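Next come two complexes, and both contain chain A; in the first it sits with chain B, in the second with chain C.
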Partner chain A sequence: MEEKKDKFLKPENEVRQVEAPDGSIIKIDPLKDYYSQEKPEPYKVKEGPVENFLNWARAESLWVLGFGTGCGSIEIPPLVTPRFDMYRYGVQMRATPRQSNVFVVSGYLSVKTLKRVIRTYEQMPSPKYVIALGSCTINGGMYWDSYNTINRLDHFLPVDVYIAGCMPRPEALLAGFGKLKELIKEGKGHKANEYAENFEWYKENQKKIIKDWNMPDYNW
Partner chain B sequence: MDYDITKFLWSLLGLFIVLNWGMLMSSTMRRVGARLAGRIGVPLYQPWVDLIKLISLRTYLSHGFMYYIGPAFRLVGGVGMFLFMPVLFGSDIWSNYSFSGDLILLLYFQSFGMLGMAMGASESGSPHAAIGISRGLSQFAAVEVPMTLAVIAIAIQHQTFSFHEIMAAQQGGIMNWTLFTNPLASIAGMLAMLGAMSHSPFNLVKAPNEIPIGPPTEYHSSFLSVLRTNSAIIHVVEAALFMNLFFGGADNWIEYIIKTFFVYFISVFVGMVFPRFKIEDSVRWFLKWPTLIGIIAVLVAAYWS
Partner chain C sequence: MQNAINNLIKKFGASDAIEKKPGLTFITVEQEKAISAVTYLRDMEGYTVLTLLTAVDWIEDGIFQLTYLVNNPELISEIGVRVMIDREKAEMESAHDLWPNVQVYQRELKEMYGINFPGSPRIDENFLLEGWDDKPPYRRDFDTKEYAEKTYFPRPGRESNDPAEYMKKKMYPNNPSDYTNKKYNPNR
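Showing the complex of A and B:
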């Protein structure tokens, strides 16, 4: 990937020289010093009874990142109400990407949101799963020819489960969680690996869309 | 002090029981809350599954030495509280490592984990963690005041800082409990307990829907599993602390489990009824009524003794 000298670099992220307390001059490159630039490493997929048990635990304890990305985010709050009650299935909401496993991309993604979604996705610890909610994430839906939204989420992040509809009802979302559980229990929840293996391809696609990149390639 | 391996093993068994009881109790209380909201709630085994899942995550990220030590400090706070408090009254094997001044040590252990966590979370560099810590420490400083006043009142009443003697003085019927022999200290202590349990009116620090999760914002995988292990232990141990001080302690494990359940249930019950306080409001509240009652309790105890 070519190094982008971009005009969007924020002043606080520029390379600068700072005087240390002992009088020496040190160079600070915030994008390198303040973030971890290490690329994701694909892990070796294990098999056997222990791994099956761990997969069962992973499936029965899905922590969802509460980040409303599109109009579908209005379908998520009903899941904690008595009518749908996702806690029954071990699905819980978390507020921080560090503690969550499932990223529900709820609907269309504008270029601005896509950048935040990528950063957030990369901050989640593996194994992580993506549920794409609504037609907009599959082919753009009603925003197919919009100037400001992406059409296929699959080109930017690896997606585990698609839920079609505009908008899908909360029941559909619950069914999606059920499908994701099945996949994990069968040992097919390795999309984070796919992201690490095809890292260059994903980054190329992402950088085509996001003009003001202004962040490290992979930020932890 | 002579080293006794059997005593150590008994304490370890006690810790195992307390840990599992804490997990079961937390999911039970979540189900109680869910029923109140008209839901069914999490399965009873959910805390164990969460723990296994957290340990089995594939990627880790560390922010430095104190980031590792923070959860360890927190766990030491919970385990230390368990180890230096007698579990059952009148039992030699279940008396753990209690000694004549254990009540003072317990008060220190309560804040020990909090301080360790503050150092660890600030190492993570997240501004949310920094805000959470400042909130948590200021609330805890306010909680400590009525709690210490209640403990002082009880210590003056019974002329001792030993759990065992305080429990011994409460034997022989419900009317001998501190709850009835020293109601003012009990009220101040139980109000402080609401803060120490950090349940709903006073859970601004760690509520998931406030600034993300508070101090443990950056904690994940095994770090978070250690924190959750500790929270399971500390809920039981805190309940046991107040049970020993105000509700006569326990003679056997059944009584221990029932009493800790109900002491914990008080804080859950209050949490279900009252909405969350802002941090400045909760600090002001703790420094007003519970503190006032605590001061009166100390004065009354000093006058009558």
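Showing the complex of A and C:
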């Protein structure tokens, strides 16, 4: 966290003096001392058939995080049912960010949700992909002039595939997964690298919106 | 219900009783007597359920209107007790000891309208917004469009053309008035 006074900083995150068991007084900055300070590192892309093989393997193993942010999350349950059945394309749901690599941002994002989304995205293992569902993630959609919903997702997270519509049908979502597979096979699925390389820019945008930050800059 | 309304007028100086429909009446009480009036309705007249507490911003008159909507489950009737409070000094007595659920409404009003209810539990905590440091967003002098454009990186829109004007310019670039003068000639 910066040195300047943050008026939304919670008491448990404030810098404080603590007496250690041996009697010495130590200074503790919870956000710096309790979390890793390392920035994300870009993945070094391999070349030739090795990378092609890896991309093929990545494209065939898409694990979607079960995190619905807006009204679009109602389009995800039908995909697991026999009618649409996304398992036949090798796309499956997982419950936690550590086990998944596709983030479907389904619909509008309030500032409060954006904070959780960023945190969740950063916990996902790389290579990871973001599918932005619905027009709200593109330009704000019907909430474009709301005081509490963001307009453009690509200022906060790198987006692989946009699916336009309000709401897109489950078929559109399946098409989006197909497009994502194509992109990965072409070797264009390294958006997590973009996030790591432009880390400062993304953080600056995120912190401009999320005033009640209260978390480390990058948390694994 | 008419009995309760008459008693409110007699005992608390209530005024402006408006019957919106059978079983729903609104009545205005002064700010100092409002909490005693709803307490009276709850304890003596059987209006035991608080349906909602909400606010209206009458910015032209410089007041906030609070409405305590109380319900009598036996008579199936509702009374809305309206209270006008000053917009500049937006503060109202808390009613959290009458109904526990009212503290949620009061927290919401504090955050969205900036109306303070001193003594209400958790009144200063965040309710829906996190880290809000601007004007309370439901006040009518808060311009939500301006705020969104200033804050949320709006995507620049597409350029669009009026089809008639566009074709006029395209077909008659030198003299657009030709468009109206020229008669249709298939051999031209």
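The rule is simple: the second predicted complex is superposed on the first by the 216 of 220 C-alpha atoms of A that agree within 3 Å, B and C clash if a C-alpha of one lies under 4 Å from a C-alpha of the other, contacts with A are read in each partner's own complex, and residues count from 1 in each chain.
We adopt the following convention: a contact is a pair of C-beta atoms (placed from the backbone, for glycine too) under 8 Å apart; a residue touches a chain by one contact, two chains touch by 3 or more.
Predicted, not measured: the structure shown is a model, and the values here were computed from it.
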Q | Simultaneous placement of chain C and chain B on chain A, clash or fit | A | fit
Q. Is A:P82 contacted by the first partner chain B, the second partner chain C, both or neither?
A. first
Q | Arrangement angle, chain B at one end, chain C at the other, chain A at the vertex (C-alpha, nearest 10°) | A | 120
(Q) If we overlay the two complexes on their shared chain A, which of chain B and chain C does A:L54 touch? Say first, second, both or neither. (A) first
Q: Using the superposition on chain A described above, determine whether A:T96 touches chain B (first), chain C (second), both, or neither.
A: first
Q. Between chain B (first) and chain C (second), which does A:H155 come into contact with in this model arrangement: first, second, both, or neither?
A. second
Q. For A:P127, is the partner it touches chain B (first), chain C (second), both, or none of the two (neither)?
A. first
Q.
A:V111 in the overlay: touching chain B, chain C, both, or neither? Say first, second, both or neither.
A. second
Q) A:N139 contacts which: chain B (first), chain C (second), both, neither? A) second
Q: Minimum C-alpha distance between chain B and chain C after superposition, to be given in whole Å.
A: 24
Q | chain B and chain C footprints on chain A, overlapping residues | A | none
Q.
Quick check on the complex: what are the chain B residues that touch chain A?
A. 30, 34, 37-43, 46, 49-50, 52-53, 56-61, 128, 208-209, 212-213, 216-221, 224
Q.
Going by the contact rule set out above, which residues of chain A touch chain C in the complex?
A. 7-8, 111-112, 115, 138-140, 144-152, 155, 205, 208-213
**Q.** Of all residues in chain A, those that touch chain B in their complex
**A.** 36, 43, 53-54, 57-58, 60-61, 66, 80-82, 85, 87-88, 90, 92-96, 98-99, 101, 125-127, 192, 220
Q) Which of the residues in chain C end up touching chain A in this complex? A) 126, 128-133, 137, 142, 144-145, 147-149, 151-155
